[in-house]
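Input: a single structure, listed below in structure tokens.
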Amino acid sequence: MSTKKSPLNRLRRSLGLDTQNEWPSVARERLLAYGLLAVYVLVIWFPIYYIFITSIKPSSEVLSLPITFLPQNPTAQNYVDIFTNRPFDNYTINSMIVATTTTLICITLGTVTGYSFSRYDFLGNKSLLLSIVGARMIPPIALIVPFFQIMSNPPLIGGLTGSLYDTRLALILTYTFFNLPFAVWIMKNYFDGIPESLDEQAQIDGCSRWEAFVKIILPMAKPGIAATAILAFIFSWNEFVFALVLTSSEQAQTLPIAVSLFVADDFVDWAHLAAGGMIAALPGILFGLFFQQYIVSGLTQGAVKE
Amino acid sequence: MAHVELTDLVKEFDDVTAVDGISLDIPDESFTVLVGPSGCGKTTTLRLIAGLERATDGEIRIGEDIVNDARAYERDIAMVFQNYALYPHKTVRDNMRFGLEQHDTDEGIITERVQETAELLQIEELLDRRPSELSGGQQQRVALGRAIVRDPAVFLMDEPLSNLDAKLRVQMRAELNKLHEELSTTTVYVTHDQVEAMTLADQIAVMDNGQIQQVGEPTHVYSNPRNMFVAGFLGSPSMNFLEGTLEESDAGKFELDLGGAIHNVPDEFTDALEPYLGDRVTLGIRPENIALNQDGVPANVHPATVEVVEPQGEKTVLELELATGQSIKAAVDPDTTVEMGDAVNLRFDRDSLQYFDPTTGKSLTYDTKIEQQATI
Amino acid sequence: MAHVELTDLVKEFDDVTAVDGISLDIPDESFTVLVGPSGCGKTTTLRLIAGLERATDGEIRIGEDIVNDARAYERDIAMVFQNYALYPHKTVRDNMRFGLEQHDTDEGIITERVQETAELLQIEELLDRRPSELSGGQQQRVALGRAIVRDPAVFLMDEPLSNLDAKLRVQMRAELNKLHEELSTTTVYVTHDQVEAMTLADQIAVMDNGQIQQVGEPTHVYSNPRNMFVAGFLGSPSMNFLEGTLEESDAGKFELDLGGAIHNVPDEFTDALEPYLGDRVTLGIRPENIALNQDGVPANVHPATVEVVEPQGEKTVLELELATGQSIKAAVDPDTTVEMGDAVNLRFDRDSLQYFDPTTGKSLTYDTKIEQQATI
Amino acid sequence: SGGSDSSTEDGSGGDGSDGESSDGATTGTGSETMADEIVFYNAGSLEFDPGTEANIERFEEETGISVEVNEVPWSNLKTSLTTIWRNQDSTVDAFNGPTWWLADFVSSDWLEPIGLGDDHMSKFPDSLNELVQFDGQTYMAPEFGKWGSYLYDQQYLNDQGFDAPPDTWDEVLNQGEQLSQGDKSGFAFTWSGKSVFSFKQFLYQAGGQLFNDSYEPVFVEEGKEVLDFFNQLRERGITPDGMSSLGEGGIGDNFIAGQYATVESWTPLGARAIDEWDEGRIGSAKPPKGPESRATFQDTNGISVSAFSERKDAAKEFARFMTTRASSKNNMLVEGNPAVVPEVYEDEEVQSEYPSWLLEDMRFNLENAQSETYMAQPQVDDYLNEQLTPALLGNKDPEAALNDAYNNIERLYQDIGLL
Amino acid sequence: MSIEKSPLRRKLDKLFVPLTVGPTLLWIAAIIIYPTAKLLLSSLQFRNPVTNEMEFVGLRNFQRLIFAREGGDAALGVFSPSFVSITTNTVIYVGFSVSISFLLGLGIALLLDKDLKGRGWFRTAVIVPWILPYVMSGLMWRWMFQSDFGAINGALQRLGIISGNIPFLSDGALAMMALIIADVWVFTPFIIIILLAGLQNVPEQLYDAAEVDGASRWSRFWNVTYPFLKPSILVALTIRIIFDIRALDLVWVMTQGGPGKSTEVWASWLYRTAQVFNEPGTGAALGVVLLAVTFAIVASLYKIFGESPYEA
């Protein structure tokens, strides 16, 4: 029995290879899962790989046949070009500010509102939720013109700010509007899965609704918040059409616009587009990694599992 | 510390009336135990007091105030939930600390109290685990610890020891007793354990069907049930009921014709039972008040046959068949050497006899017995 | 129906050894009860038998097969979980149906069995509710129903009656008993209720700290504990232990010097205790084996003072202080009229005396008693 | 080409060597009342418009008016402008776009007549002037040409025994068959979702037209001939599989990669091929002669001024400046876009930069290009595209396709009250 | 002493619902009312390009959009041919993309829910396609599907599967397939994320109960995982479908609805009509139709997946 506690066993156990304490089928499945995931990741990363090698090929190699899957003359020139010729730093900052602010607003409002919808029966609860989500069902493309109008001549704050056209604020307001309903809805569904008895215990422990929410329920909702945050972030990060009509210069234009500028009417500059694309992708990937931590920590703490 | 008063309290769920107009006075510093069959509304009553459910009707008073509208967190109570409701993402320690932190307790005091309580409950070593890594009994002790670590106005405990083994349970019961003696916090306690109810309670309230059947000191209620429900509910094995027709013997004594056997009613009950002459009346006698009198001595002795012998350690329970065909249980000394099929004589302890109206279930002799006890 | 055999079974969690090498033979058709203090590994043992945990070491045999590698759904067992684990999204009826459906039972049979079981457990009216609308005890009965509705090779029940009131519990216990008599399904049952253990078990296994301390027939184990742990664990209030030095009297009799009082050791134990002459030895005596002998009769009588009187309904527990200053509990008839402060004489029933080695806890007289019982 | 290029051009432009009297004359008079900044919407990144970029620099230097260039992705510029103008917003002062957007914008009252007199406009060919004028007002100043040109792989043609590219439709078919061997295709078009543009120039070559003067669609008869010609190209394997390709990014790149013998392509592919290929490999040609003519489709980028602009004077001055002969020449030198002013082709600098045969063909295209302006141009083009693509890919009977397009367009015009 | 009487805390607590729901409602209401009204109004108007006037036309926009005109293509019945073909395209596009990505996403989510070392890395790796700007992804796929220099033809040739080039984006059916592949590639991570979060809500003990009940893996999935996953499936499918019905970026960047109209979907059609054709009325009418369709789909999804496991 003492051998069970040997360092070797500990190691095996921590690697998930401990077939002694665990079902052989589970271990087999784990191997299979590794295999499947590896294949899946390879497949979905192939396009990213291809765009990456395109970005480090000189233009002449990009357009020569037969095509190469390993760059023959790797170069960083494309990257140098896009930073010297194009304000990619501005675009990146714009994207980060717009997406982060939108995300923060959405998860803040989305969580509190979602929680109320999950826990309390207030007047017209269900139909209210339905209309919030319904607001989001209007196809945004159909709202382009009125949105432009609102942003260039904001009805409530217009006197203070003047036109919001070509500002990051316009994008933030718009994106928040588009994301908030989903944030509310996702969080409502998530809170539905957390037993109400924990709210009750928190009240018994002396928590007001606010405190119970902030101190007990919120920490358990981390995975849901992370999912919502990612959703809001990605939406704002990727949005193209509204960014197109609500902004016009590098003071507010975001990365999707920047990338699409490599496409001329009759010409696509693939090499530089690929480099620009990689740059546009990078902060997003980093952000994903960052929030990924939250999902993982939410999971490993077994947060919500009873 | 506070006095709790429930008046005509009602709680209806969609189509169930869980609490159906109960009035109960829970004196300051008292230890009140709620007992009753499964589903009778005990938990709901606690939840109403806690402020987790809103009363459909009636009034709840804690101390001076009507608290119907106060939310749970405003009521300064601590509660042990039947299903524990531990915070799954917090360690045992943090589960216990949380309530104190909420009440702005000093860090030093928190640490000290948590440590003390953990020792009391024998869970010191578990303090850094999460609930999912605990056994059922350990979880229950954490739930208990989370309540008693605090110093609230009222403790509400819903079967807090149900998942503990007998030994630990006795210890915990003793600790709760001690705790209550020290702090004298008003406590409402739900249990289905007779012994817990008897030993802990200042007063016991027996519930059935959302209503309170009887309230009083535990031994008093045990010995003087107001009706057959209470009589049958308390005690294990429960009271034997034998139905018969009340008749007057030639000697002017009352007797119960059990259909094949005659039971003599003690004289002191003659007045109380007089109106029921000729009617059906139920005799109640607890198993432990039945003695095996194999030597065959005087009155109220009933011959019976042993059907089942069930040794339970500290006692042995016999299932017997009376000559009338009725079945009856007796609890006897574990040394008693009887076997299945043995013919025995049963003697009913005459001080422990109870008589009931079989249709309403009401005790016919309650008042007489109370009077008697008062005069002694 | 199947015979279950555990051999040197070990289960380790990250840093806890929950089951530490137990070997247990559970005969076909037997009703084996596991008891032991909270956290001793009972649930884990059941989960190992069920196939919900994989054994770290050792062997599990069900019927002819070594099932270590078989998953729960391959083992044909039914289990009642300590925390119910009802499917919250299914009605009570569907919760009960589910296991049968999984075993491709005929629709007609399913309906019938569910109905029967629900009646047995008195939950017919709840069949269409969801678990969240049930009281704790109702949920527990559903959990029980979900298991007994099936006809598996083995039943595993983890404190299935812990949330029921005494009366219902007695009924349910009787039903389980009847069920077992009818079906004779091998059953492993965890309980912390003495009476349940005693009345249901063919054999009882007492666990502590992940290990089995003693296995045997319940009354046998109760009367002949192998060690102080078992002796102290079974019985409520638990056995009194009095430590003293074993000496030989002038008359050649053995006696235990309790430090101020002398206890005479019955002659039949002389052989067994001989090696311990001069050593510390612990005397064990159960509270119910202590009689109040106020009239003052012969040997092994110890004067004591009543400290606490605790009426528990069917009996009254006294806490007494011996002349030696040691504290001791006695369970006496509820009629006994003693009061705090009363001086009484205690008589220990000589047939019920036990002697232990206070350091190892081992019973010194176990073998002697077994021999004696065999010769009778 | 970089800054030094444009600055030398600046010098020569300032010399007034092209002798345009209006150039530079208005600058002085307007400058007091004129705004010192304008917002200019450019389709796509200026990086791919070095000619325009160089001219803007010159403009800023010479007038002191700064130009805030907002770059809008090409395929979405029209969306941006439409949104802005539908809200009557003054954000945009001027933009740069193709002539074929004009009809819509003008009919929506979104454009300001730029008021450039004959002085300025007369240097452009009449056909071009017609495109930018409505009711006698000029709404756009032509900046540079983007029409199709015909390029071929001289070396490959020689190898195959041809010393000249096909000159007529028949030759395209006959030579094409021989030129299509192995990986090579004999002939390829730029057809990325714009089959209508290719269609139009062949329609003109066949002597047809989309509309007559009373807005009636009249393309069906000649259209059939065009489609018949295309079909033969496809069936004989002369064009690559899946004729609708990926625009210049596909056709041009493939051409340079040696996939095609001859292409019809948007400029400036010629300039690119000169850079990338060995001396003398690239050849150019006039459009093949159809039943009627050698027309190509007139697509010109120009500069317009927003009707909602609050800085119209400066914007108009910008439009004027960007379309002077000097600017036109500069654009051609810097970027290789065909100039829209015929005289530029005679300029020495231009002639020294580009081979004379290329210049000759470009000029020929400028002068023989045809176009039409018509109402609801995007819808009409969409109706045509919708039908032409399947017909071109061989998925729909050409006649049925043309008739469907005809019916749809006719109904559209009925709906909006033109018919 | 027993009853706490901090008035502020009490007041704040009473205001919990208004304070938590209010800002969101206000935000949404403030910004939605005008555009919605405008949308509805526009759908009843028609801008005549000749007179440049907005005319009130009642429901004619809808009629023109959906129904065939007199003398239209009889084979297609009463519906307008373009409406039918674009609707078909949309159904194919959304149907295939959503179902493929859902099944794939569910599978990957279940794999990632396992207790694997390094699953954090896998999670990130799997999410990345979704993080790239759609425009860039669309262009990337266009580049991948390019018939001569595209990686896909290149790779297939390298592997000897094909000899010539497949003109992916020039053939109607292939272009639709390419779009679907790109769409699945981009949006599967979204499904994965939502379902992964949802899997956290499945109480572990129920798996135990089901195993003991003899439930096979499949049955455990349906009886335990699925009911608890339903709210997440609802979210995932709803958002996914709503997004896809109106998906514009990928389509616009990759094919612009072409070749011909073979990849034209509602979203690109709406964009084209409203923004390119400058026909706000028809665009708005299409928007309203889309809204109605979306509502119908969401309502039916709600019917199927809307019940939370704890609800009565």
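The first chain written gets the first letter, and so on, giving A, B, C, D and E; residue counts start at 1 in each chain.
Here, a residue touches a chain if its C-beta (ideal position, glycine included) is under 8 Å from a C-beta of that chain, and two chains touch if they have at least 3 such contacts.
Not measured: the values here are computed from a predicted model.
A.B. asks: Counting one step for each move to a touching chain, how far apart are chain B and chain D?
C.D. replies: 2
A.B. asks: Applying the touch definition from the top, give me the chains sitting in contact with each of chain B and chain E.
C.D. replies: A, C
A.B. asks: Rounded to the nearest 5 degrees, how far is chain B rotated relative to chain C when their C-alpha atoms are superposed?
C.D. replies: A turn of 180 degrees brings the C-alpha atoms of chain B onto chain C.
A.B. asks: Looking at every pair of chains, which two share the most C-beta contact pairs?
C.D. replies: Among the chain pairs, A-E has the highest number of C-beta contacts.
A.B. asks: How far is the middle of chain C from the middle of chain D, if each middle is the mean of its Cα atoms, in Å?
C.D. replies: Chain centroid spacing, chain C to chain D, equals 95 Å.
A.B. asks: As a quick test, compute the distance in whole Å between the mean CA positions of chain D and chain E.
C.D. replies: For chain D versus chain E, the centre distance works out to 38 Å.
A.B. asks: Could you state the distance in Å from the CA-based centre of chain A to that of chain D?
C.D. replies: Chain centres of chain A and chain D, defined by C-alpha means, are spaced 41 Å apart.
A.B. asks: Round to the nearest whole Å and give the separation of the Cα centres of chain B and chain C.
C.D. replies: 23
A.B. asks: Multi-chain contacts in chain B: which residues touch at least two other chains?
C.D. replies: 71, 73, 76, 83, 132
A.B. asks: Enumerate the residues of chain E that touch no fewer than two other chains.
C.D. replies: Only 13, 148-149, 203-205, 228, 271, 275, 280, 309-310, 312 qualify.
A.B. asks: Hey, what residues on chain A touch two or more of the other chains?
C.D. replies: 63, 65, 144-145, 149, 195, 208-209, 241, 257, 260, 262-263, 268, 270, 303-306
A.B. asks: Can you tell me which positions in chain C touch chain E when the two form their complex?
C.D. replies: By the definition above, chain C touches chain E via 47, 50-52, 71-73, 76-79, 81, 83, 85-90, 98-99, 102-103, 130, 132-133, 146, 156.
A.B. asks: Of all residues in chain E, which touch chain D in the complex?
C.D. replies: So the residues of chain E touching chain D come out as 48-52, 64, 69, 82, 142, 146-149, 164-165, 167, 169-172, 252, 255-262, 271-272, 275-280.
A.B. asks: Going by the contact rule at the top, pick out the chain A residues touching chain C in the complex.
C.D. replies: Within the complex, chain A contacts chain C at residues 1, 4-5, 20-25.
A.B. asks: Taking the complex as given, what residues does chain A use to touch chain E?
C.D. replies: Counting only chain A, the residues touching chain E are 14-16, 29-30, 33-34, 36-37, 40-41, 44-48, 50-51, 54, 62-63, 65-67, 69, 109-110, 112-113, 115-117, 120, 122, 128, 132-147, 149-150, 155-156, 173, 176-177, 180-182, 184-186, 189-190, 192-196, 208-210, 223-224, 226-227, 230-231, 234, 237-238, 240-241, 255-257, 259-260, 262-263, 268, 270, 273-274, 276-277, 280-281, 284-285, 287-289, 292-293, 295-296, 298-299, 303-306.
A.B. asks: Using the touch rule from the top, collect the residues of chain E that touch chain A in their complex.
C.D. replies: 9, 12-13, 16-17, 19-21, 23-25, 27-28, 30-32, 34-36, 38-39, 107-108, 111-112, 114-117, 119-120, 122-136, 139-141, 143-144, 148-151, 154-155, 157-158, 185, 188, 190, 193-194, 196-198, 200-205, 228, 231-232, 234-235, 239, 242, 245-246, 248-249, 253, 267, 270-271, 274-275, 280, 283-284, 286-288, 290-291, 294-295, 298, 308-311
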